[in-house]
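Once you scroll down, you'll see the structures, which are given as structure tokens.
In the two complexes below, subunit A is the common chain; its partner is subunit B in one and subunit C in the other.
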Partner chain A sequence: MIKSHAHIWFIGPALVLMTVILLIPILIAMGLSVTDYSLGNMGAEFVGFENYEKIFTRSAYEKMFGATFRYVFVVVPLTVGLGLGSALLIHSLGRFGDIYKTIYFLPVMAALIAMAIVWEFAFHPTIGVINSTLERGCGTWLELWTWYAKGCERSFPLWLQDRDYAIWTVSFIGVWQGFGFNMVLYLAGLTSIPRSLYDAAEMDGAKRGWDRFRLVTWPLLGPTTVFVVTISFIRSFQVFDMVEAFYPQGGGPSKSVFVMMFAIYEKGIQQNLMGIGAAITVVFLAFVMVLTLIQRWLVERRTHYA
Partner chain B sequence: MTEAVADTKALALRFSTKTALTHAVLILGALIVLLPFYTMLSLSLKAPAEIMQQTGGFIGTQAPFRDDYCIKLGKEVADCMVNPIAYNYSTAFEKAPLLRYLLNGVVVTVSIFFIQVVVALPCAYALAKLRFWGREFVFTLVLFCLLIPVHAIALPLYIMLAKVGLTNTYAALIIPWTISVFGIFLMRQFFMTVPDDLIDAARMDGMSEYAIIWRVMLPTAIPALMAFGIFSVVAHWNDYFWPRIVITGNRDLFTPPLGLREFKGDADGDNFGPMMATACIIVTPLIVCFLLAQRRFIEGITLSGMK
Partner chain C sequence: MSQISLSGIHKSFGSTEVLKGVSLDIEAGEFVTLVGPSGCGKSTLLRILAGLDSADTGDVRIQAQSVTQTRAADRNLAMVFQSYALYPHLSVAENMMTPLKMRELGWAGRLPIVGPLVARRACRDIHARVEAVAETLKITPLLARKPGQLSGGQRQRVALGRAMVRDPVAFLMDEPLSNLDAALRVHMRAELSELHRRLNATFVYVTHDQAEALTMSDRMAVMMQGEILQVGPPDEIYHNPASLAVARFIGSPAINVLPGEKLADGRVVLLGQRLFNVQSGQPRALFIGLRPEHLHLAAEGRFEGMISHRENLGSDLFLHLTLKEMDNPVVIRAHPDQARNVARGHNVRFDLDPAKVLFFEADGQRVTLDGARQLEVAQ
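Now for the complex of A and B:
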């Protein structure tokens, strides 16, 4: 090992940038969250935990948590479930499955803002393809479904502009966009499971497909699942593009789609209320850190017992 | 014997129905996945009237129609008859400086990737192959920073950039992404697998540590760098949140997603044909690259799966 100080020059730039771009902003956010700072004002008053108190008591923020958790708890299970399901089906087809893999991955590549605008058109109440397709089913056996009959009688939902449907419609688009990513991760996990384990399980009496899944596939996909779930959580917590594109002001019909990233943007950037924006940032970071710590704990527990 | 034949027959039948069912489910899924792509392409080809009345199938009749804006400019009706495809795509480029947006997108994504590599590669090399005081600490810091989503700390970053007067510049679009802890981590893991002998041999030849990084380590890391590059370019070409925050109003700095958003926000927001043409133009470069080099893209995008 040659003694040199080269490492200082190698590490230095990265260390400086890490500190300035990633660590200091966290400290700034924590600092500002206890003030009423706004950009352009001289100085700021210390307000203690007032901002946090607002976040946890006011109804606007109650809606924020409601919208965020609704979105997250729809999108995470569905993207993970559909990701796993499509990966299993595609894997069972061998190389004929590749075409589906390509198609399902397309939404991951396409700019979400562009696709959101297309979906908005598709969900348009009068000229959108969704409602016009639904109308075509009127007068058939589909009317046995009361929801459908009601839609035919009056009108089908306004989807994105409907207070009761907006958050679910946005979640649907989130699922559409995200499950292909999870599928690819699961496919990678599936190909790494040795064939011999299935043969062994079959010899031990696991004749049905379900038994082989339960005894071999699912346990061996454990690490993949932990990772996929964590990354899905973190990604869906950060939903923003669609919300801003659909509802530039206010977060949707009666604030039903007022998700956290949009709240940070609205409070901090649009309204220049940096204190409250910083407080939401801190709460947001806390969520992400806790999730990641849970993931690490799960991974470690698994390695201890495996 | 006959029993065995019947058995295999039954088995084959079971397999083929199962395969058929699998295909059916996957095709249904594919249709839903492709629906917005189909809509986007179809609307970018059709005339406004066909879009509003939902007629004309996929590409419409392609009959020339009257461009009202052209009439307003006081030209003859005969000169104002336009073909839908030509109208949609030419409007996309004329109404907004779309070429400029695309160029901005290229400048920003390429600069980000270039700086990320210049910063991350030496750091990764030092963490993997040099022994020095504080190495463990730096690596722990890298692992900690992996936890921080840059979008989440947008507000303090924005304040810092505003304080030094950098909002509405290329620098604002690029600076927050110059450090990729993920890139450092990835390259470090990769360099760990490079044999020490290779580096020792290079040192024997009198190469400096700098030369080793760029002339020995870089070439060995090309596959990993390609994957990281795809990951980085896709993320920043499609990014909407960060440009939205730091670029306000100055159209010359718009990236493609911002340009599209502006189009939608305009009074012309219900002029769907040109808007969808813009969407197509923005989405196409990455989709084409993806279709050409699928395996590399999937590797690159799922890189984060290696954590």
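Now for the complex of A and C:
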């Protein structure tokens, strides 16, 4: 019997590529994360888990986790919710749907660096359009709101430079930028729901929009939702360019916007501390890995209908 | 008083007129089939009856009440869809419970876990009814499964079950058997008829398959190009079609249509042969319809043709004969014993049963020729 080796030629190229551009870099990062290597050094000392210990004990990294999780847990629910809401509204529109689709998708296509500059102007404390609009409301019934009254009395917040507001402002821009993407995914999901199911729901007596949503729309969007949530998580964990544009030095007021990707950049590239940068990368990878595994499990268990 | 009455239904999609003033009355307990080629508007008519589409003009009445302005959910009709339209995320039992839950439970009773506690009696009642229907349809072992795990035939039953759990005024079925394989379709035909007898309910059934219409219905309505051409019991439609279009659509293999002629002296002539004499009058051209079973092979037959194709169905044998005088072949039914020795390419002689001949005007309208039968007998 002649043994064929054809299978090696089928899977070989993919396997080699995956090893070279994915697995080996990950292994190198893991290796670096237990050393104190700096770019340009001839050698490096093995330091064990010292880098990881730093990540989980030092206050700078505590801030990093705080900023990352604040951003992620604001941006993910809001982008998913707004994405679904706008997709439902646009789907119900006949004629102007395409216009809204384009409008909401524009921020996704725009270069975030350029958008960041525009937002920086908008949020500028003296010449920015946001605060000057807010000032117009002074002296009206809006002052019944104590926060507003305080703003009129002194000044409205320095949105991007105040450590109490910075991360929420950045999150807001993240939502503005990101929900169009989820909307497009949801629109695709909505068009794939068979019309006959809505007919069946009507015959079965689902009279209100909410009944139809509960009975047909939401369950049939299940697979889309799992995908949208996962991709939103990963995208928000990866937020970097906006932070870099707003705060090129140091990750915002009192490091309140010191998100993970920026931390990797600052440590590994700016300060040339490869060891610690690699360690943050490995932690980041672990987060993404866990999310992906949860998604796979959900898709297989809960939303796989066929 | 009829149970369901459609009158003067018009419907256009854009510039295409799909229904051109259709009227139909359906009695309580009747099995009525709307049959026609695809695109004839039969499904649209059913959807208008269901309330899923609205007619441009015309009136829909159910039990003497006009429901033209009533939405589908309030018309108390049940529908079985061609694609079954089962909710893929719900189990069979939940699918069948849905219409009851939607109608009989308040918002609290429909909540996932709390619901059965809030409306305990109603929920138990719903379970009992679903189980009873499942028993009737023999799908009890499937109740816990999801639609994705069922075969086509099983899904079909579940869809039927979802319609049956309520007590609707009528069951509407939109080509429910068209996604099944041939053997199962034949089996389900019998089962649906049986179900209709047992439930004693009104069925409105849409199909493009004339075999389904002929086998199951009490009455059938033949639709073509947005109009009902003829309504009547299957037997009558088959033997007594009102027009050439109906005659051509109903019957398989299709009826043979041959050009004929009535001469001034009253002779009716087909392919140069005198069929019989009728009262004399204006000469005119006719179409003569002959069903394959009304033609027979005969050594002394008046017509001759060459066998171009044999279709053996076991019980019957259909021969396609090419005639010198005609472009289209004539299909004739022969008994397998009789036709054992004939092969493709042979010339055979055949004759017809004069009592069964159907005459149509040039415009397709059916005509009876005065005295045709009597003269034939006298001859």
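Methods note: the second predicted complex is superposed on the first by the 283 of 306 C-alpha atoms of A that agree within 3 Å, B and C clash if a C-alpha of one lies under 4 Å from a C-alpha of the other, contacts with A are read in each partner's own complex, and residues count from 1 in each chain.
FYI, contacts are C-beta pairs under 8 Å (C-beta built on N, C-alpha and C of every residue); 3 or more make two chains touch, one makes a residue touch a chain.
Just so we're clear, the structure is a prediction, and the values are computed from it rather than from any experiment.
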Combined model on subunit A where subunit B meets subunit C, clash or fit: fit
Touched subunit A residues, subunit B compared with subunit C: B
First, second, both or neither for A:V118, with subunit B first and subunit C second: first
Touching partner for A:W9 - first (subunit B), second (subunit C), both, neither: first
Which of subunit B and subunit C A:M42 touches, first, second, both or neither: neither
First (subunit B), second (subunit C), both or neither touched by A:L144: neither
Computed vertex angle (subunit A) for partners subunit B and subunit C, CA, steps of 10°: 80
Which of subunit B and subunit C A:I234 touches, first, second, both or neither: first
Superposed arrangement (fit on chain A Cα atoms) - minimum subunit B/subunit C Cα distance in Å: 5
Touch list for subunit B against partner subunit A, complex: 19, 22-23, 25-26, 29-30, 32-37, 39-40, 43, 51-52, 54, 119-120, 122-123, 125-127, 130-132, 138, 141-142, 145, 147-160, 162, 175-176, 178-179, 181, 184, 203, 208-210, 213, 234, 237-238, 240-241, 244-245, 256-257, 260-261, 264-265, 272, 275-276, 279, 282-283, 286-287, 290-291, 294, 297-298, 301-302, 304-305, 307
Touching residues (chain side subunit A, partner subunit C) in the complex: 194, 196-197, 199-200, 202-207, 211, 215-216, 219-220, 222, 303, 305-306
Subunit A - residues contacting subunit B, complex: 1-2, 4, 6-7, 9-11, 13-15, 17-18, 21-26, 28-29, 32, 39, 86, 89-90, 92-93, 97, 100-115, 117-119, 121-122, 127, 129, 132, 176, 180-181, 184-185, 188, 224, 227, 231, 234, 238, 240-241, 244-245, 248, 261, 264-265, 268-269, 274, 277-278, 281, 284-285, 288-289, 292
Subunit A-facing residues of subunit C, complex: 47, 50-52, 71-74, 77-79, 81-83, 85-90, 98-99, 102-103, 146-148, 162
